[in-house]
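The following pair of complexes shares a single chain, chain A, combined with chain B in the former and chain C in the latter.
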Partner chain A sequence: MVAFILRRALLAIPTLIFISFISFVIIQLPPGDYVSAYAAELRRMGDYISPLQEAAMREQLGLNDPMLVQYWRWISAIVLRGDFGYSLDWNAPVSNLIWDRLGLTLMISSASLVITWLIAIPVGVYSATRQYSFLDYLFTVFGFLGKGVPDFLLALVLMWLSFSYLNLNVGGLFSPEFQNAPWTLAKVWDLATHLWIPLVVLATGGAAGLIRVMRANMLDELGKPYVETAYAQGLSEGKVVWGYPVRVALNPFISTVGWALPALFSGDIIVAVVLNLPTTGPLLLQALKMQDMYLAGSFILILSVFTVIGTLISDILLAWFDPRIRYA
Partner chain B sequence: MTDQALPPIKTVDHKEDLYTAKPWQLIWRRFSQHTLALVSLWFLILLALCAIFAEQVAPYDPFKVSRLRTLAPPTAIHFFHEGQFVGPFVYGLSRERDADTARVLYEVDTETVLPIQFFYSGDKYSFFGLFSADIHLFGVDDRREQINLLGTDDLGRDVFSRLTHGARVTLSAGLIGVIFAFVLGLTLGSISGYFGGWIDSSIQRLMEFIRSIPTIPLWMGLAAALPIAWDPLFVYVLITLILALIGWTHLARVVRGQFFAIRNEDYVLAARLAGASEYRIITKHMLPSMTSYIIAALTLAVPEMILGETALSFLGLGLRPPIVSWGVLLQDAQNLRSISMAPWLLSPGVAVVMTVLAFNFLGDGLRDAADPYGQ
Partner chain C sequence: MPPERLLELDDVQVHFPLREGLVKAVNGVSYHVNKGEVLGIVGESGSGKSITARAIMRLLPKRAVAAGGSIRLRPRTGEEFELSALDRNSRAIRQVRGQHIGMVFQEPMTALSPVHTIGTQIMRTVQLHKGLNRADARARAIDLLAKVQMPRPSEMVDAYPHQLSGGMRQRAMIALAISCDPSLLIADEPTTALDVTTEAQILELLKQLQSEMGMAIIFITHNFGVIADIADRVSVMYLGRIVETATVDDIFYAPKHPYTKALLRSIPRLGVDQGRRLPTIPGMVPDPFSVPPGCAFNPRCTYARPGICDVTTPPAKHFGNQISRCHFAEKLAEEHAHV
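The block that comes next holds the complex of A and B.
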């Protein structure tokens, strides 16, 4: 087991190095750089910056150096000092920017993950044990709809409905008057009235797919002899179903739980943009549009690292939960 | 003995029919039992026709701005005017301004009856640059009134016309993306599955690597790298390439898995013993048995591409305004104010959902039918 974990961890290292390089290349791809984007932004607002100033800025920021030199400067600072660089757009250290938004992001995405599972597992089990019942059909329709409706569209529609029929102030996480207020009971309540839309959107999107997976796995397991044996021994249905096949059917959940790690960090980017949530996702979009390369690059890097670590965790968990998997 | 010698003749016929049927007949028979998939197929054929003949189906030029018809609500089609049947027609629309808020208000004017004319000569267009014409499937003959089945946007452009033109871009982007993904996936997947060994494992590493980069940020990063100044058509091709760059790994996995499964089948061994060349074994024996699986996998990949295009364009990273796609159209519905004032701006979203669902049902039907010998 220890050897297995070690081997997997060692394999992840070259992947990580390669990923870090690719993230840096991706953000270097667009023609022009931060300075030209900044100059364009200034021109749009009626201001002006001379080519001489631009050149000086480039020199100062080290944008004239060859790409490998820039990459090395960036990655060595991250690895050696945990310094993700400086966001040119926000004029603040990248780590501060991300850190500021990480709390709310983690809260929203972990809450939606928990809700997703709380919906998907019981519904999937019910659908499988009562196959072709009315509710099973209903859940099937729900599952297909959830697959077909893009998250951002659902967010838009919910926002519109709650705005025009429930007269709620939606978008963002707080009403304007609570934006900078200290935490009070009223502020928590305000948060709750805003939070339900992103939670519903994210949870239904995720649950729709997982219900299908859970149902299919349960149907595979329910026909197996060990289930029949359990029934023959006179156990009640609840004990049989939840005690044996559910535990096996949960395997795919465990093997994908690692994938939730990067999702926890970024939140759902598109939904966050639509709902104007103060999470990390919109920050990434903004950084990409502004060519704020240290911010965007750090983002893609952190997300990719989380994906690799998440896969690693999933593999280890799976090997631990399911003894049939060989450490090969 | 005698009892068994006299089975009903009809079933024998049916069974022999089943035994002698060609694979494609069996697949079609299985597929046509899946009602939802059949309906989806017809829906998609209709949609494809609308997209190909967008100029003819759309009553107006998608770029024609009407200053006096901004954010007009959808026009309802009526058949009876004051209790009398007059065939399909629409009422005129009168435009007023609210005295207090200066907001434009529209009122249905039940005095003006505008019969819908079919094969109506309206705006001129050039059909794929092949010929110019002005025939539209339907329209109303009036200088000031219009028929807007799905209302108009904030520049007075007809949303239905824009939707049909958008269908052309969005659907073709999905299909072209899938073709790119198909070429990459089939080539690398079959090389990986047929040769195995170190070639297989290095291709597997590459796929694992691509899959380990989170999709949306990668798409966003690559799409943001496309300069705004480039030709929109070129950007369109690049966007489909970006979508395919992620999509091919899934297809390659399907192909590789199939190759592994079939490689040791008896009939492949038989072909090998009979002295068939490797090339002949792959193309004549192995690939045909996989075609149906590949088609099913391709069908299921199209909605992913469509959703990807829509999401990217919606965020402003994909296709950009002179091009009309469903994602670009949805940009108009991005803020709460425009949706609450003009909910019909969400209609491209409805189109996306219906198309994606149809492709999913069709793909499910094809996947079930892909192995007609299963039962």
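The block that comes next holds the complex of A and C.
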């Protein structure tokens, strides 16, 4: 097991190096660079810098150096000092922008992930063990509705309902009066009244799909002979179902749990924009729109790194969970 | 039930109500198993032999309806269970499963949980029925693996099924089935998926365990050779009914049902009838939606007489301990007397 983890972790290193290089190339791809964008920005505000000054700036920022040298400067700053560069659009260090929003993003995303699983797994197991029962059909209808209704539409409907019937302040995560207030019990309560809408929206969409996956996996497993063997040992239905087929049916979930990591980081962008959530998703969208290259590039890099780490975590979890992988 | 009885089935019916019609997969099966004896059940695929075993365990598929008959069990402990009255998930049947009746399945490749060690699977059963703690249960699991002649039992207890060969998995399966000293072991084609060498070893093991532990075995197979090797008595099934029951000698040397006779004739033998085609039973097994009226075997039977065999279901005729459900069982009995 230790050898397996070590091997996988070592394999991840070249992947990470390659990904960071690709990310850097991508942020260089759009026409123009930091200086031309800066000059355009100045011109828009009625100011002016000469081409000579521009050239001097390029020299000063090292933009004339070969790509590999620039890459090395960029990646070494990130690895050695955690410095992701500077955002033009926000006029602030990229790391500050991202870390500011990361806490809330992680909170909302992980809460919705946990809720999704808490709903999807028991409902999927129930639907499979009581196939074609009334509740199975009911869950199926809700599942397809949840999958079919776009998240942003559900968000809009919930916002409208809670605004016009419940008289709640909606959008964002805090009421205006708490926006910059220090943390108090009242502020936490205010957060709770805002938080339920994004959680409901994100969890319904995710759970609807996962219920179908879990149900299908379970139906496959329930028909297998080892389930009958477990019954023949005298175990009760609950112990058989949760102890044997669920264990096997969870494997596809576990092999994809790592992908939740980048998703946790980017959040659901559209829902976050509609609900005006101060998470990282809208920040990424804005950075891409404004060609804010260091911010966007850092996002791409972080997302890719999270994907690699997430896959590594999935592999390790799966090996821990399923002996057939561990010893293969 | 007489004192030597362990299990008695009386007129057991299992039906499958399907869209295409009602399938009577088990249509009035009666047999019994005495303490410590091996009953072989032979029949083609779809004859209802496995479904009858599932009816004993109350592990019928969800679509199946237990439509009638009684199944009674009196294990070593002396209490009597009316299995046919028990619900699929009732506490009483869960006491019987694994504890009084062990079951060995056909596919050793898939019949063990792929994500648990064989030790864990055995330990769960002994902890459930014997109330042992983890350490004792583990020691017992190792003992059981040694008993089924698993090599290096104290290491194999931590092995996963996919690390074992087919024969070793079937040994682990048997260890699981006998883990609580059951009075009855139901072996549902336990050697069908194995090669002949392994099959011989598993049969040898089952015979040895049976004499050591004094348990009874219901051995389900479609292989007469295996039956001859292991069974004391044999029941032959055809289309949901038992057509003949007799001691293994009577089945082989004095069959009193045309189906048994025809089956035996279709077994290749060394040194006999060389160079000639092996006789086969004419026709095909009818589909389960259109079972012929009267004796179900009559369209394929060389003894069948219209007006009798295709009209009335033959009654059970007793010849000592031999029971045959054929209108002409006496005629078959005479034929043997002349041979």
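Here are a few things to note about the model shown:
Assume the second predicted complex is superposed on the first by the 284 of 328 C-alpha atoms of A that agree within 3 Å, B and C clash if a C-alpha of one lies under 4 Å from a C-alpha of the other, contacts with A are read in each partner's own complex, and residues count from 1 in each chain.
Here, a contact is a pair of C-beta atoms (placed from the backbone, for glycine too) under 8 Å apart; a residue touches a chain by one contact, two chains touch by 3 or more.
No experiment lies behind these values; they were computed from the predicted model shown.
When the shared chain is aligned, chain C comes close enough to touch A:Tyr231, but chain B does not.
In the superposition on chain A, A:Phe321 makes contact with chain C only, not with chain B. Between chain B and chain C, the partner in contact with more residues of chain A is B.
By the touch criterion stated above, A:Ile108 is placed in contact with neither chain B nor chain C. In the superposed model, A:Tyr244 makes contact with chain C only, not with chain B.
Of the two partner chains, neither chain B nor chain C is touched by A:Leu261. In the superposition on chain A, contact of A:Phe163 is made with chain B only, not with chain C. Contact with neither chain B nor chain C is seen for A:Ala208 once the two complexes are overlaid on the shared chain. With the contact threshold set out at the top, not one residue of chain A is in contact with chain B in one structure and with chain C in the other. Listed in rising order, the residues of chain C touching chain A in the complex are 57, 59, 89, 94-99, 102-103, 105-107, 110-117, 121, 124-125, 128-129, 160, 162-163, 173, 176-177. Note for the complex: chain A touches chain C at residues 224-226, 228-237, 243-244, 247-248, 321-324, 327. Within the complex formed with chain A, the residues of chain B that make contact are 208-209, 212-214, 216-218, 220-222, 224-227, 303, 307, 310-311, 314-317, 330, 333-334, 336, 339-340, 343, 346, 349, 352-354, 356-357, 360-361.
On the chain A side of its complex with chain B, the touching residues are 15, 18-19, 22-23, 26-27, 29-32, 144-145, 147-150, 152-153, 156-157, 159-160, 163-164, 170-171, 262, 266, 269-270, 273-274, 284-285, 288-289, 291, 296, 299-300, 303-304, 307-308, 311.
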